[in-house]
Every structure is written in structure tokens, then in C-alpha cells.
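By letter and in written order, the chains are A, B, C and D; residue numbering begins at 1 in each of them.
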Amino acid sequence: MSDDSEGEFPPLSDLERSVADRLPPRIWSYIAGGAGEERTVEANRSAFRRWALKPRVWANVTTVDLGTRLLGAPVEAPFFIAPTAYHGEIHPDAEPGVARAAAAAGVVAAFSTLSSASLETIAAASGGGVRWFQLYLQPRFSVTRSLVERAEHAGYAAIVITADVPVLAVRDRQARGGFAIDGSVPVGNGADVMPPPRASEREGSRYRLRAPAETDWDILDRLSGVTRLPFVVKGVLSAEDERLAVEHAAAGVIVSNHGGRQLDGARASLDALPEVVAAVGERAEVYLDGGVRRGIDVLISLALGARAVGLGRPVLWALAHGGAPSVARYLAALGAELASAMELAGRRSIAEIDRALVVPVPDQGPASP
Amino acid sequence: MSDDSEGEFPPLSDLERSVADRLPPRIWSYIAGGAGEERTVEANRSAFRRWALKPRVWANVTTVDLGTRLLGAPVEAPFFIAPTAYHGEIHPDAEPGVARAAAAAGVVAAFSTLSSASLETIAAASGGGVRWFQLYLQPRFSVTRSLVERAEHAGYAAIVITADVPVLAVRDRQARGGFAIDGSVPVGNGADVMPPPRASEREGSRYRLRAPAETDWDILDRLSGVTRLPFVVKGVLSAEDERLAVEHAAAGVIVSNHGGRQLDGARASLDALPEVVAAVGERAEVYLDGGVRRGIDVLISLALGARAVGLGRPVLWALAHGGAPSVARYLAALGAELASAMELAGRRSIAEIDRALVVPVPDQGPASP
Amino acid sequence: MSDDSEGEFPPLSDLERSVADRLPPRIWSYIAGGAGEERTVEANRSAFRRWALKPRVWANVTTVDLGTRLLGAPVEAPFFIAPTAYHGEIHPDAEPGVARAAAAAGVVAAFSTLSSASLETIAAASGGGVRWFQLYLQPRFSVTRSLVERAEHAGYAAIVITADVPVLAVRDRQARGGFAIDGSVPVGNGADVMPPPRASEREGSRYRLRAPAETDWDILDRLSGVTRLPFVVKGVLSAEDERLAVEHAAAGVIVSNHGGRQLDGARASLDALPEVVAAVGERAEVYLDGGVRRGIDVLISLALGARAVGLGRPVLWALAHGGAPSVARYLAALGAELASAMELAGRRSIAEIDRALVVPVPDQGPASP
Amino acid sequence: MSDDSEGEFPPLSDLERSVADRLPPRIWSYIAGGAGEERTVEANRSAFRRWALKPRVWANVTTVDLGTRLLGAPVEAPFFIAPTAYHGEIHPDAEPGVARAAAAAGVVAAFSTLSSASLETIAAASGGGVRWFQLYLQPRFSVTRSLVERAEHAGYAAIVITADVPVLAVRDRQARGGFAIDGSVPVGNGADVMPPPRASEREGSRYRLRAPAETDWDILDRLSGVTRLPFVVKGVLSAEDERLAVEHAAAGVIVSNHGGRQLDGARASLDALPEVVAAVGERAEVYLDGGVRRGIDVLISLALGARAVGLGRPVLWALAHGGAPSVARYLAALGAELASAMELAGRRSIAEIDRALVVPVPDQGPASP
């Protein structure tokens, strides 16, 4: 991880605020906006408040090691850059800058089908870093196949298939801010790459997906004929779907509700995690995204069974704050927080983060005034 | 449903706010005001926050169908216009405008005894739309009978009898705003049609209903001699009353607390729903109103056993916003939201919305700052 | 109850606010102020929010009767004026005005040892009204005895002995506002009548009550030699003390924490009620005060076993608002609300208010924004 | 305890506010700031709101005695000054002023390794008062040994070893305020005394403690060869560590999360207390710090099994308010509150404070508006 200590970087509590008022409202609405009333955005955060840490002291901790392996690759921390679109709208460093920061930090970075830069450009910037390619299934399978083949060719280590966007949800804040996810925002992977449809076609009581991409678990089988890369299914919130992922040979799943940007009212990622972990056992790696902001959020997630956690909005905040250097600073700060939290909790390695580290917060009395 | 995409219509999160400050305070107090301190108004909303959705992905959803049948009539969505009074006070389009919008959208609309337009005028505007007539039992049975006969004659498909207004509750906000539900507000169904009494007559410790209308379940038996229309009892919050409704041959019940406008402190409609559904089984249709605003509210209600849900205040907000076209826009937006939520939840039809779709939100830690 | 419908009287939701800013801050701090941080003041109110009403409809309600009997005396409503001190500081009508309003309303009124007017003056104003005398045990038993004898002679029907003020608690808001309960505030019952001590005398780790009044349940036995009046013990929050009250021949108890003005952090009165009711059975009458504001608060309290409820601060608000006529208006409004709530809940009489009327509010999800 | 009644001292509810705006922001950030987002700072306070008091009345209370024994020494109250650093930054009276106030009040005072004054100067000011020395283990054992020997020589009665600061946590508020705990803040115990390290050294995924002090329970065994003073381990939040403390002959433990200044997200001290008390039985004394502000907080803590409680931030507030006299006023006010609460709760001595005094607050309905 980069350890750049120059320049101003705010305390992590202030990072979001430091950019919220500086960005054009349209861009901020894209970053911050969730689906509908943002019930799930809020739920993702409040779920972490229902768990408290029960640390151990004097546990012979003189070093802590954040290192782990994701899909077999050694990484320097159990968190990764979750895929998000359109980095070029936020800062000219865009995805290549994020890739450089992640590679320097030794963490996995996942990049979106809807990246502003092309996946090849990103790969070049990433260098020796571990990168994953996030795939939005395309209306035409030939386009999907081409993307996967390009990703494999460009040295991506896994395909993250997003399962929770058959159609884009209505996001009230984006609507208010005037940000539309449609062909109007330029992307780097080619003119034939499409964002998911914004709405279905309606005929009376029936709503029909426009240009339906594959909508079935068989897509995994079909894609395994295209690439030797492992698949990670993103957007699972139930044990049932987790089992299907394993049956269809997924190497991993990301417990996710798309950062509260798709099905408003969906359960918090963290609330779904224990059930998914219990269902899958050792047969696949389970990751989580949604609401992770601080080192202790990583710690709680791992204590409840996640192998690693994805970082969405905070990376965009950092990118907006100061481009690639700020992303590096954020990753360094998060790593330092996690290391500090492990030192304080008496855990020397990722393997020592166990369920005994967390206890439920008792039900509350009246809110403090 | 109408799919009018012209003109400005706010994100649904903003609809209420968009009209609250524009309307005369007296009218806004009528729309927004609940009984007493509005504990139940608030409870109706917060009850939905206690349930989260547990979606399934890649469930072969290429089309979703919102269509269902209410009392045997095919409709295009599992929501309906709940009966509310005095539309003419809010917008000149009044009930006929609402009727047109509902008919175009293919949803049931229920109209109040205290409509600004006459039920015949409304019926003419409704055209081929399915309409229900809401009945306030009148002090004189002859007036009650006349209303029912007129409704049947005008092609209404059911009689919705309101059971929870033997007397109008004190509504502090309406009192503050200066809106009185009494003879001073003109209604369209005739000079002999009376609103429920505002208070009882008092004599020492005894309070006697003024001009008592029927106050007993036998009214259903008596009315079944007047009309062949089916009855829907509105205002039930207990399994016990639900069973009585079925015994008295009601075809449906609406689990409702009158939008929090009658007995302040009454349980939330959604909290009462499972008990009522369990009590009635298949013997009558169970609907719900109270706090439904968004597509996911519809989804949660159906997952907990409602056959359809009624829309009260949001229709008045839309009517205030821009008359019939805005009501159409609201219905279209709600339908699109529900369709989108079903696509994202992996449900292709109303029949596939099952109890497994919802999970309780865990008890909360401290409120987020 | 008076049914004076002239003049302006605010909706009950607005009564407190209507006087808070108009009164001198010192007087307002006296009315509003609780002990310490006012945890118990808040708890008294929020306890009512944990219960919801489950009404029945069409239950043959054409009249409702609020009448009940308290200690054998017929009264027109199951609520009474709780004893509070220093009415003359709030409005020149003072206790005689409150007495007139209560008598006209047919409800019991209890008056404080620390009344601004003498108990005889109050009795004269009360006329045929049922009145109780609240007793602060005095350092000298001769003074206590004299008060009790005077009360009996002046036609008071019961002695309400306050058990929860061996010493006055520190009330931060009163300290801020500059209101001191000490000899400086004039009282009507004589120069030898003392308020409870403001603090104990300290000597190292020991704190000794100043001028200790009786501090033992035997006081009831001793006083029963002085008067034939029945005793009501005010300030009980446990089944254990309730049983002791019965053993010492109390005719009633008031479940109370002194309106949150004594032991900050004490449990809410309503939370203690079921335990106390279960302990005492039919052997004594159980009342409650603390947090009752609206008709539905009365209803909830009675459903949980109270025979009647006492009204503290709201009577002072009304007195401050407009003297005796406003107290009458408040009592009338409260009676009307209770009657309305019973009509809407399907209860025709106090005897029909049963435990089935209330259900716990389910644990909450996140607070609404 | 001092009973100085001259001068202005605010109600305890106002003490924090009275100094927050008057102090330089840098100093205030030091006093108020917790780790990270201050989840644990908040949790420490809200935990007290989950317990309510169930008082008994007329329990023959004429005197109450706050006296108890801590590690064998008689003290006048079951609370003590928790060790906090850098008093000289807050007020020129500094630790010697606090020592004088505590000695006069007859309560234990613990002083930090990082005191502004030297431990000998503090001891001289303390006079006959009972004082404890808080030990931050030093990189060089010779320095640690020297501190312990000096403390023993200067008449400190116990060594409080802090176990929860192998490394200083990131404290966002302090970072914002510009307060750094490093060599730049002068301390009184000598130039070779070091604060804990602010961060670990990083090398890839490994973080190594700088200048590692002992990190193992064996330190207790090692130190018992240096001094005859008893040890109190500060910073335990689990039964497991409590048992280890007892095995290593600790005389006491302080259930603490360092006032929320170390591991953000750590459970509230009060939430951990019952588990720790159950684990240790009579084999060591169990104290608590974290969130104690008022007399009733002391009462709740003792009812749940603490022998005494430590006071951190409130003492700093008082020191900032007016130096030693204000600390004396705070201690007097707290003692008076506790005495009053015991009088009102029917407890005559510390021994009578039992588990029956507290009941959990029922789960809450919606927050009051």
C-alpha cells in the first residue's frame, strides 16, 4: 500500500463531507444516490451499528499481518476496490489512477464494464496489480463474449458478474440531480457496450425487459466455455442464491445490494452475510460490499465470515478529493485503521479474526437527545 | 395505465414536499392531518421500515405481470385508489379526473360518499374503469339505501362500507388549519347526504352518538337486501372483526386505520395485516391501506398477504400537483416501481410474491447521527 | 364536566407550546423541570408509544359512559387532578379555580400540602366536588396531624400520602431557571407547613436527612389513629411496595415517579403498572400518573389495569393558559377525546376497557428521517 | 468531600456545554475526542439509558453512607478520578489541583504516566489522599521499573496498568482539532517517559509495533518483582481477560474502553460489566469507567456489580471550568446526587445497592418527535 504522507487528507470521518459540496450536484447525485428513498443505503450503514467489538488485550501482538489470498492471489489487505462506473466523470485520473493506487497498495481492484477508460488502458496502468473485470451481461452475447475475452487477454484475474441489475432501478436522488445512466455518458470499452436498460417496456399489466440479457444461472455455464477465468457473482442476498452460485461453479460471491442503488428496501448486506456464509461453507469465497467505510467495518465483516470486503463510494470520494494520490491515501488510512483495530483487538492475522470478536449491541433505550 | 411522459413530475420522494407548501394551509391540513398527535400516521409509515426484502437473482424474469383480479374483475395492478373525500377542494379535476386516470391505468378506484362530484358524474368519467362506492352509513336508512341503489345503477362494482367512523375523531392539525368536516364543505351526492358527526352529545359522564347510524354488523345483512353488489368492510384491525365480516358475507375487508385519521394510537395497518390474513384464509379478499407510498410498500404488503393495497394521501398529493394528468403520472410511476422491484426481486407475477420475500429488520442499535 | 365552548383554546397538541414561551422562565422551569437530565420525564412519555390500540368496530356502541367510582365515590371520568404545588405562582385563579373546574367536570381533584390557597379555601371553592388532600409528612408530627384533621374537617375524601420525597431531588432545569422549592414561595396552609428538605446534611461519607419526617410504612398505621379517611400512597413503582401498602391498609396507590421530578432514571410509571396491578389484585385501587396527556393515554393506562389516572403538568399548562376556564376546557377536551376513543375502539363503558384493547408496538427499525 | 458552596457552578447537565465553547478548539478536541467515528463514545452513554431504576419507598432511610473500601482503603464515595493525561494543558491547577480536590473529598485519584506535573509533585499535593499511579508500559523496562519504584516511594497505593493502548488509535476529532499525542506535549515525569506510539511501522501487509513494550500478561508477574503495590488492570472488556488478570494476581480490573478513545466500535463498558463481574466473583475488585456522568450512573453501575466507577471527561470539564475548586464542586455535586438517589431509591449504604434496583428499559417504540 502506498504510504504517501504528503499533502492534506482529511480524517476519514470528514472525507465524504469534504467532497459533497465541492462536486457538481449532478456528479454528487451519481455518487451518493441510491434507489428510491434510500432505505437500503441507510440500512447498509446502520447494520454495522448493531455489532460491537469485544477485544482481547495483551495477546502477544507485536506485528499484525493484513495479508490474505483472494482466489489464490496473495494480497496485502482483505479489502478491494469494488467496481463502479464512470470514474472519468469524477476526476481525470479516472480508472487508471485508481488502478495505480490499488496496485501500489497491493489490493485487488475490480473495474466496471462501464469504465471511462478501456479495460486495456486500465490494465496497463495496473501493471502487476491484481485486477478483476466486472461484467454487465450485454444484450448481444457476442459483445459479452468479446468483453470477457478482452479481459482475459488483458490479464484480469477474475470475472465479476453482476446479477442484480436486470434493469436499472429508479434512483430519486440521481433524477433530482439530473444524472442519467444511459448512452449519454461516454465509456471506454467500445460503442457497442450498453448500460443496463433504465426501464422495461410496458404493455398493460405486463412489463417486458428491453433487450433482455441472459437472466438465468445458466449464463455461468455458458461463459465457462468462453474463458478459463474464475467467476465471482455479485449481488447475492440469500443462501438459496449462494447455493446456486456454487452449483454453477462460481469461485466466489459478493454479498451485495449494489450499494443500495438497485432494490430499495433490500436487506443490508451485513444482515445477509451470516446466512450466506453458513450456506456456502468452504466451497466458494464470500465477500461483502455495502456500507464499509472504516477499518472496524472491515473487522466486523470478517468476524461475521466475509473473506474480504469491497469499497465503493469511499473510493469515489477519495478519487473526487484528489485523484489517484487521494485514493492511495484512503487505502493507506484504511489499512492503518484495520491494523490498529487488530492490534487493539488482539488479533495478529486475518486468520485470527473470529466470530468471538463481535457481540450484538443490546436493543436500545430511547435515543440520546 | 397511462404512460404520459410529458411535463414535469417530481421523483416520488419529492411529491409530498412539492405540494405541501403550495397548497392553502387549510387544504393541506385536510390532506395531511391525522387524529390527535398523529401517532398512527407515523406508525403506518414506520411499520414498513421493519421489513426488508430478500430478493432472488437470475430467476428467469424477462417479463413481469402486475395483473390480478379484485372481486373477480381483472385489473392491471394490485393497487387501487382508496376513497377520500372532497377532491374538488384540492383541484378542479376532482373525482372525475381521478376516475379517468384510474380507468386509463386499469386500476380500481373507490369514491367517497363525500365526493365533490356526484357518483353519477364520476361514473360517466370512469367509463369502462372498475369503480367502487364508499359508503358512510347515513342517519336515515332511506338515504343509505338510495346511495347504494344509485351506485349499483351507475355501474359501481362493490360497496365499501366504512366501519371506523361512528364519529369523526379530533384532528389537531385540521383544527389548527381551520378545516372542518361538516356541512360547510359542498358534496356532490345530494343535500341529504351527511358527513359523520364531529362529536357526541354529552350529558354528565355519558356521550351519545348524534343521529346514530347503524352500529352493528347486522347492517351488512340489511344492506344485502338492497343490492346485489358485494361488500367490502373498511377499517378492520383485528382477526375478530375479520371473522365477523366473513360471517356477515363480506366479500373483502380493508385492513385500515383510516390513514391515522380516526383512532390515534391505533396499530399500524401493516402490523395488523398478518393476523387478519391468517384469520380469514381464502374466505374473503384482504386489502390494506395506510402508509403505502412506493412500489416496495406494495411488494411488502403483498408478501405479507394482502391481495391489493389502497392509495390515499399520495393520490391527493398527485391531484394537487397537477390534476388528472399528475394522478396518471403517479399511477404510472408506482406501477413502474413495482414492476422494477419485482424484476429485481425475481418475481414474475403477483402469484410469485410470497412470504419468503420479506425478512424482519433486526432490532436496531443507536440511530445514526 | 364543563362544556364551555367560548374563547380560544388550542388543539391539545399545542397546549404546552402555547404557554411555554409566554410564562416567565422561572415559572416555566418549575412546571416543566424534572430531576437531573430528565430521563424519567422522557421515559414517562415514550412508554405510551410502546403500546398500540387494537380497536373493534360495529360493537353496538351508541353511548359511552366514562363514569366510574374512585374510593366509592361516583365520578364522571376515570381521570383526576393530580396534586401539584404553588398554583398561585402560575395564575391568580390558583387552586380554587382548579377546584371549581374539577367540581364542574365531576372529577376528583387532589390538592397539595403546598397549595397557594389554604385547604379550607379550596374546599369552599370545590363545593360538592370530590377532593383529596395530598400530604407531605412534616418534620413535626403535630403539624402532620393538624393538616390531616383540617382536611377531614373540610370535607376532603381521602389523604394522598406522598412516599417519594424524603428529600427534594436536584432538578437541573429549575436550577437553571432560578426556581427554588423552599420557604421563599408562599403557601396557604400556614407558616409551620414545610416543603420537603432540598438536601441532606453531609458529614464525610454520611448524608443525614434534615428534620426527618417519618420514613417508614408504620406512618400509615399511626395516621389511621388520626383520621377515618382512607389513604392513598403516591409514588410506588414496585410490586413489593404495593404489597406493603396493602398490608398497611392503604385504600389505593398511585403508581408514580413524581412526574420524573424526583429520582431521575426511575422507570416509567406505565412500565411499572402491570407489575403493580398483578401484585395487588382487588385489594386496593391502583392509579397512575406520569406522562398522561391525551384521551388515548387514559385508555392505554386503563387497559393495562389502572382504575384512573392523574393529570399533573397538563392541568398546569391549562391553568397558565387561561385560569379556571382553561382548566375546564382541558378537562372537557380530554373527556371528549376519551369518549371518542372509546367509541372508535368499540368500548361502551369503563368496565369494557380490557387488556385485549392494547398490543405492544413491534420493535422498531431505523427511525424515520 | 469539599462542600464549597461559593461561586457559580452550573447544573451538571450544563457542565460540558459550559466549557466546550470556551476552551481552545485544540484542547477541546483532546478532551472530547474519541477514536474514529466515536461509536464507542456514544455507546458508553446510551448503555446507561437501557437500564431504569426501580426504587423502594419508606425503607427506613434516615442516613445514607457512601463509604466503601477500595483495595482495602476506606474512601468516602464509590467513585474515583480516572487517570487522564496532560491536565496542565487544561488549567494551571493541573494534577496537583485535582489531587487536592480528591483528597479533600475523600476519594481515590489515579494519575497518568503522562501527567503534566511529576508524580512526586502530585503526591505532595495529595497529602493524605489515596492516590493510584497509572502506568503506560515503556519501551525500555528500566523506565517502567523506575516509574513504578518512584510511585511506590511517593506513597501511591496501587499501580493501574493500562492494557488497551499498545498503539494510539486514530482519533478523528483530535486530528481535526490539531492535537497530537506525541513528544510535543510536555509531561512531568521525565524526558525518558514516552507516550504510546501513534502508529505501527508498515512493511507491505505487516504492521510492526514501534518500540514494543511488553504485550503479554507476563508483565504482571515481572512487575510483581519490582513492587509490593497491588495491580489494577485497566481496559478489560471480556470475561476471558478478567480471568487472566486474576490468574496473574491482579487485585482489580477496570472494565473500560478508554472512554471510547482507543478501539472505536468496542462494546460499551456497562454492557461488558455483568459478564466480567460474573467471571471474577470475589477474587478481584471490578471497577468501571466510560460514560459515567451523574449520580444515577454510579448507582446503575454498582447495581450491576461494579465496586466503584472512574470519572474521566467530567473531571476534565470541571478542571477546565474553574480549576481545583470546580473539581471539588463537581465531586461534591456528584456525591450529593448519589446520596439523594440512594435516599430516593431506599438504599442506606453501598452494600444495599443490589441487582433488584435496576430493570431493563423495554424495547422502544418510535422515537419521540
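Here is the rule we go by: a contact is a pair of C-beta atoms (placed from the backbone, for glycine too) under 8 Å apart; a residue touches a chain by one contact, two chains touch by 3 or more.
A quick note: this is a predicted structure, and the numbers were derived from the prediction, not measured.
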item: Copies subunit B and subunit A - interface residue numbers shared by over half, same or different; value: different
item: Superposition of subunit A upon subunit D: rotation angle, C-alpha, nearest 5 degrees; value: 90
item: Subunit A and subunit B, separation of their C-alpha mean positions in angstrom; value: 41
item: Distance from subunit C to subunit A - Cα centre to Cα centre, in angstrom; value: 57
item: For subunit A, residues that touch 2 or more chains besides their own; value: 42-43, 46, 49, 51, 361, 363-364, 366-368
item: Partner subunit A, residues of subunit D touching it in the complex; value: 36-37, 39-40, 42-43, 45-47, 49-51, 163-164, 166-167, 169-170, 172-173, 175-176, 199-200, 202, 204-209, 212, 215-217, 219, 233, 235-238, 240-241, 244, 262-268, 271-272, 361, 363-364, 367-368
item: Partner subunit C, residues of subunit D touching it in the complex; value: 1, 3, 10-14, 49, 51-67, 75-77, 106, 294-296, 299-300, 333, 335-337, 339-341, 343-345, 359, 361-368
